[in-house]
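Have a look at these structures, which come just after this line.
In the two complexes that follow, chain A is the common piece, with chain B as its partner first and chain C second.
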Partner chain A sequence: MVNIQEKISKLFPEATFEAGDVMRVTVPDAQWHDFAKTLRDDEELSFDFLVTIVGMDWKENGLGCIYYLTSTKHNTHISVKVMATGDRQQPFIHSIADLWAIAVIFEREVYDFFGIIFINNPDMRRLFLNIDWKGFPLRKDYNDDPNINPVSIENERQTDFTDMWVEEADGKVVKKERRIFAEDDFVVNIGPQHPATHGVLRFRTAVDGEIIKKIDIYLGYIHRGVEKICEGLTYPQTLHFMDRLDYFSAHPYHHCLCMAIEEAAGIQISRRAQVIRVLMDELSRIASHCLFIGTYCMDLGATTMLFYTLRVREQILDIMERTCGARMTFNYDCIGGVMQDLHPDFVKDVHALLDVIPKNIAEYNKVFTGNVIAKNRMENVGVLTREDAISWAVTGPNGRGSGWACDVRKCNPYSIYSELEFDEVVRTEGDSMARFKVRVEEMVQSARIIAQLIDNIPEGEYCVKVPKVIKLPVGHWFKTVEGCRGTFGVYLESDGTANPYRLKIAPPCLPASAVVDHITEGQKIADLITIGGSLDYIVPDIDR
Partner chain B sequence: MEVTAQGMPYEAWKDNEYIEKLVKELQDNGTNVIVGSLDKLINWGRSNSIWPLTFATSCCGIEFVSLGAARYDMARFGWEVARASPRQADFMMVAGTIVHRMVPVFRRLYDQLAEPKYVIACGSCAISGGPFKKSYHVAMGIEDIVPVDVFIPGCPPRPEAMIYGIMQLSRKIKVEKFFGGVNRQEKQEEFLKAHPID
Partner chain C sequence: MQDLSVGTAWLHSLFLGFMPEWLAVTLECLLIGVGLMLLYAVLALFYILFERKVCAYFQCRLGPNRVGPWGLMQSIADMFKILIKELISLNHIDKFLFGLAPYLVIIASMLAFAVLPWGNGLQIIDFNVGIFFLLAVSSIGVLGILLAGWSSNNKFTLIGALRSGAQMISYELSMGLCVVTMVCMAGTMSVGGIVNAQEHLWFIFSGHIPAIIAFVIFMIAGTAETNRGPFDLPEAESELTAGYHTEYSGIHFGFFYLAEYLNLFIVSGVAALLFFGGWMPLHIPGWDAFNHIMDYIPSVIWFIGKAIALSFIIIWFKWTFPRLRIDQLLTLEWKYLLPINLFNLVLMVLIVTFKWYL
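What follows is the complex of A and B.
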């Protein structure tokens, strides 16, 4: 194992290092692009997976970005801090969009929230907010007076052009206008109100007859500004927004933020709470995949499957309702453990569930998976290679369908996952069928995890005593968990008060929706429904 | 007149005052016996087959899916024909948050619904902004954008609550004046006068 710090300081003497849960390297913007290229291409480093880009506003200390990178080869992690040059009116950072495909979207998000302009990014538009939105909402000096950006029932201004900022030979940065589509492209709007986009997502699709040429993804129809709201709340208050991002992964998302806060505050939770959390995570994974199978099959025309799969889902929701008191927004994991103890019937109910799952999965396979229509519609449709999956940061069942073993429960085990026996489901075909089969298989594996734990729930307290007002020390933490749809990350920065200074949510669905453009190119327009459905994105999770 | 739906006893309903007010208005204005009987017949049909528009933005939409599935089974009440096109739908269940960017789209969908049309605000986001009250990008309640007939509180409301909400809507439909009232055709001339074509 190579010493990353030594190697980097030999190549880039100006880089400074800071220890932490993930090592943080600070490089000046002028060297950033070369540095990023080295990080990605060097054999011993090979940081090929861009987890997220966290935009930051340190008030008088300037604006900047923190890049989280992971090496899929060596399973090492690094974060890089780059400060923006220029003043607050026009801060600049060099783009890495040519190195990681997903960086185009991540950088647009940072531009939208902080106004940092990325030099050489081919598409420097806002991502979530209107073209004419005034101000950058996640800046600390943002004026949120509703009269500045009023609610309007007039249609928003649309444009076919985007900006690209390029550096000229004399070092001056100039703006150039580019077309999003070719001049004579025929563009069809799909969404935001369309039953097959699974929410309010809009694809501007350029078509040539029936063949898709390019998709411009148009987000923000359910952007609720969760990250900004959290900055004004105390830590326990921030938790309940995790339910409302990806409402199927409510438990894993809660788990992630709780872990980050607990690590920062130095809280040790009891073994019983750990087991309960993992049980709930896996139950929600089964429920989530059930709904995926149901709605996906319905998109493909097999309406019956929805009724079959929701049968199991309702059974799981009943179990959760008895313990948590809600069907969807549970708000169950809390700092120090879980909100309340398990219901007395919990073990009995889960056993009843485990009895029916194998029969149900056999039924799903019999009705749908082997069906010749399903095979024709899904096999070899929307193929995503392993390299592209990594470059586009498509994690979770989608990445594993492309042969990328990216399960956080296996590669960076958290909680008690390292003690559990389960297989990571990986398929190599990379098509829609593979993504579907991975999810069906994962239900079996989740049931296996639950079966191991359900009879061995240790006695003890379900929630340790924590102070009434939780204040975190100054610092920053980054935690990831395996949500139902992929790697979910939370970046937390504290300035020592009772509110987070910055809470960045790195959702798995944003890359999954961004990759649609790449894998639908050259496919038939009818296959867009198959491909989009198989990626299983949840729009409130994309938009936050 | 006791207005009820799906055989539920009148005393079990809430908001009876509101319905009674509607009934009183109807009786005070007086109506032709034949038209009144026709109204009753048509309203009986309308109130038992209200078709929703498939429109969901977030969590509440998933509970709406549960409502359509076998366990809660809204087909019992004649609501199961969820239409993807607003032209074919009777009412719009606003299940989820409406944000700034969505507002014009949402308004256009409402305008496209054929008269008589109804709106149900489902969940706290649609009612008032809910947990996102402090957000910079959320419309604080849809009542400022479109007229709302029924509010269903909850985050998200249980499917039972949704059933109750839609049943309230069907009660409202039962006591409406159809001919010369909510029937759009009668209003065509007024509409054209108000929106002259150049």
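What follows is the complex of A and C.
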């Protein structure tokens, strides 16, 4: 194992280091692109997975970005802090869009919220807010007066052009206008109100007959500014927003933020609470994958499957309802444990569920997976190679369908997962069928985890005593969990008050939706539905 | 077997008793028209309820059960709802073609009703190229669909209509070849002639292997021809919202909807005619007592019962299989069904020539 710090300081003497849960390296912007290239390409480093880019506004200390990188080869983590050059009106950072494909989207997000312009990013548009929005909302000096950005009663202005900022030989940065589509493309709007986009997501699709030429993904229809809202809330209040991201499986997200806050505050939770949390996460995973199978089959025209899978999902939701009191937004995990103890019938209900799951999965495979039409529709459709999956940061079952063992529960175990026995499901085909099968098999593995825990729930308190007002020490933390749709990360920066200074959410669905353009090129319109469905993104999670 | 033409002949002579022949014929035509319209409406209502119930049971649900006993009045309520709905008029469309399209679709299916063998002697028109006429008029429907998609001035409808054009024209070939195969067997194109040729045994039994192959292909092609799942690409909900009829509202949409169900009936009716003897009761050579009992069941019930049983199979497909993709759909037709069909036709000709049928 090479010492990363030594190696980097040899190559880049100007870099400074800061220890933490993930080592943070600070490099000047001028060296950033070279540094990023070294991080990615060096054999001993090979940080090939860009987890997220956190835009930051440190007020008088300037704007900047924190890049979280992971090496899929060595399973090491690093974060890089880059300060923007230029003034607050036009801060610049060099783009790394040529190194990681997903950086195009991540950098657009930072630009949208912080106004940091990325030099050489080929598509420097806003990502979520509409193109006429004034100001950059996550800057600390943002003016949120509703008169500046009134609710529009006109149609949103649309443009077919995007900007690209390039550095000229004399160091001056100039803006160039580019077309998104070719001039005579036949562009069909798929979405935002479309049955197959699973929410208000819009694909501007250039087609040639039935063949897709290019897709421009258009986000932000349900952008609620969760990160901005959280900056004004206390820590326990921020938890509620986690349920509203991936609302089909809220538990893991809640779990992630709770863990981040607990780690920061130094709170140890009881084993009982940990077991309950893991049980809930895995139940959520089964419920979420059930819904995936159902809606995916419905996208492909097999409506009946939806009802078969909803049967199981309903059973799980009933279990959740009895314990958590809700069926969608549970608000169950809290700082220090869980909100209330398990329902007396919980164990019995879960046993009943475990009994029906194998039968149901066998039935799904019989009705759908083996069907020749389903095979034709899914096999070799939307093939995502392992390299592309990593470059696009497509995690979760999608990444595992492409042969990338990216399960956080295995490679970076949290809570009690290291003690549990389960297999990470990895398939190498990378097509829609592989993504589908990974999810079906993950249901079996989740059931296995539940079976291990359900009869051994330890006694103890379900929630430890925590202070009424939770204040975190000054610092920053980054926590990831395996959500039902991929790696979910939370970046938390505290300035010592009761509110987070910055709470950045790194959702798994944003990369999953961004990669659609890449893997649909040259496929049919019908394949867009197959591919989009198989990626299983959920729009509130993308838009936040 | 009671001959229902006795009744129609009696009516004709009754009219002739007090009016000239031209008036009598006109009046009869009017009566038939009204009867046909009523039948059309009743069948459509029945089919809507039937499909909803069948699919509900496939999906572990109950289906409509609030309006009337067992939800029987549900489709009637739905019909009234659709009748009083506003026809939303759109700008930037070709108003004439947009209005014409649903009528073309519905006329196509109505004309096909004229030659179906409803019962013994109960056929509106029985002429020497009946089955050919049926194929011809059912092709008018695709024109309506193309017009609907084109005149709506919408990208989704256009893609839906073009898919539909490609699909229906391709599958018409298979339909036609299946019909030709069975016409070979029957030796006549007249619908009455085809039914009578099955007096001793239905073609599906007497024609054995080629008839069964033709039947399977006919059912596949028929499903594709009626734009039903798994071949419902033109209106693939998850891809093209509602395909060619996205922009239609009120009863204009209702016409497309009705035509879809009636086409389902027509396809099953033609399959019943070609393979299961039309209105002909089940006769087994040598079992005279059995054949005699079968004759007591009225011919109308035989025909409609067979058609509904075959429709059930088509509905079953729809609620079980996922949808095909357009290129797979065309591959299936041109690379598999069509060559099999041509081979099957040759086989049938051999069988007829050498009298290998049962």
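Here is the rule we use: the second predicted complex is superposed on the first by the 544 of 544 C-alpha atoms of A that agree within 3 Å, B and C clash if a C-alpha of one lies under 4 Å from a C-alpha of the other, contacts with A are read in each partner's own complex, and residues count from 1 in each chain.
In this section, a residue touches a chain if its C-beta (ideal position, glycine included) is under 8 Å from a C-beta of that chain, and two chains touch if they have at least 3 such contacts.
Quantities reported herein were computed from a predicted structural model and do not represent experimental measurements.
> Check chain A with both chain B and chain C modelled on it and let me know: fit or clash.
Fit - chain B and chain C, as placed by superposing on chain A, sit side by side.
> Taking the superposition on A as described, I'd like to know which of chain B and chain C A:K410 touches: first, second, both or neither.
Touch status of A:K410: no partner.
> With both complexes overlaid on chain A, does A:E210 touch chain B (first), chain C (second), both or neither?
A:E210 sits against chain C, while chain B stays out of touch.
> Check the residue A:R448 against both partner chains and state whether it touches chain B (first), chain C (second), both, or neither.
neither
> Applying the document's definition of touch, where does A:H74 land relative to chain B and chain C: first, second, both, or neither?
A:H74: touches no partner chain.
> Between chain B (first) and chain C (second), which does A:H240 come into contact with in this model arrangement: first, second, both, or neither?
Touch status of A:H240: first partner only.
> Just checking: does A:R386 make contact with chain B only, chain C only, both, or neither of them? Give me first, second, both or neither.
A:R386 contacts neither chain B nor chain C.
> Of the partners chain B and chain C, which touch A:F307 in the superposed model: first, second, both, neither?
After superposing on A, A:F307 lies in contact with both chain B and chain C.
> Which partner does A:H343 contact after superposing on A: first (chain B), second (chain C), both, neither?
Neither partner.
> For A:H194 in the superposed arrangement: first (chain B), second (chain C), both or neither?
Both chain B and chain C are touched by A:H194.
> Rounding in steps of 10 degrees, give the angle chain B-chain A-chain C taken between C-alpha centres.
Reported to the nearest 10, the angle reads 50 degrees.
> Going by the contact rule stated at the top, is it chain B or chain C that touches a larger number of residues on chain A?
Counting residues of chain A touched by each partner, the higher count goes to B.
> Rounded to a whole Å, what is the shortest Cα gap between chain B and chain C in the overlaid structures?
Least C-alpha distance after superposition: 5 Å.
> State which residues of chain A lie in both footprints, the one left by chain B and the one left by chain C.
Touching chain B in the first complex and chain C in the second, residues 194-195, 306-307, 311 of chain A appear in both lists.
> Given the complex with chain A, which residues does chain B contribute to the contact?
Checking each residue of chain B against chain A gives 54-59, 61-63, 65-66, 69-71, 84, 96-97, 99-105, 107-109, 131-132, 134-139, 144-145, 155-156, 158.
> Touching chain B in the complex: which residues of chain A?
Residues 128-130, 137, 142, 144, 146, 149, 151-156, 192-195, 199-200, 220-226, 228-229, 232, 240-241, 243-244, 247-248, 291, 295, 306-307, 310-311, 313-314, 327-329, 539-540.
> Which of the residues in chain C end up touching chain A in this complex?
So the residues of chain C touching chain A come out as 55, 58-61, 155-156, 159, 163, 229-230, 232-233, 236-241, 319-328.
> Enumerate the contact residues on chain A facing chain C in the complex.
186, 188-189, 194-196, 210, 297-304, 306-308, 311, 367-368, 371, 373-374, 376-377, 524-529
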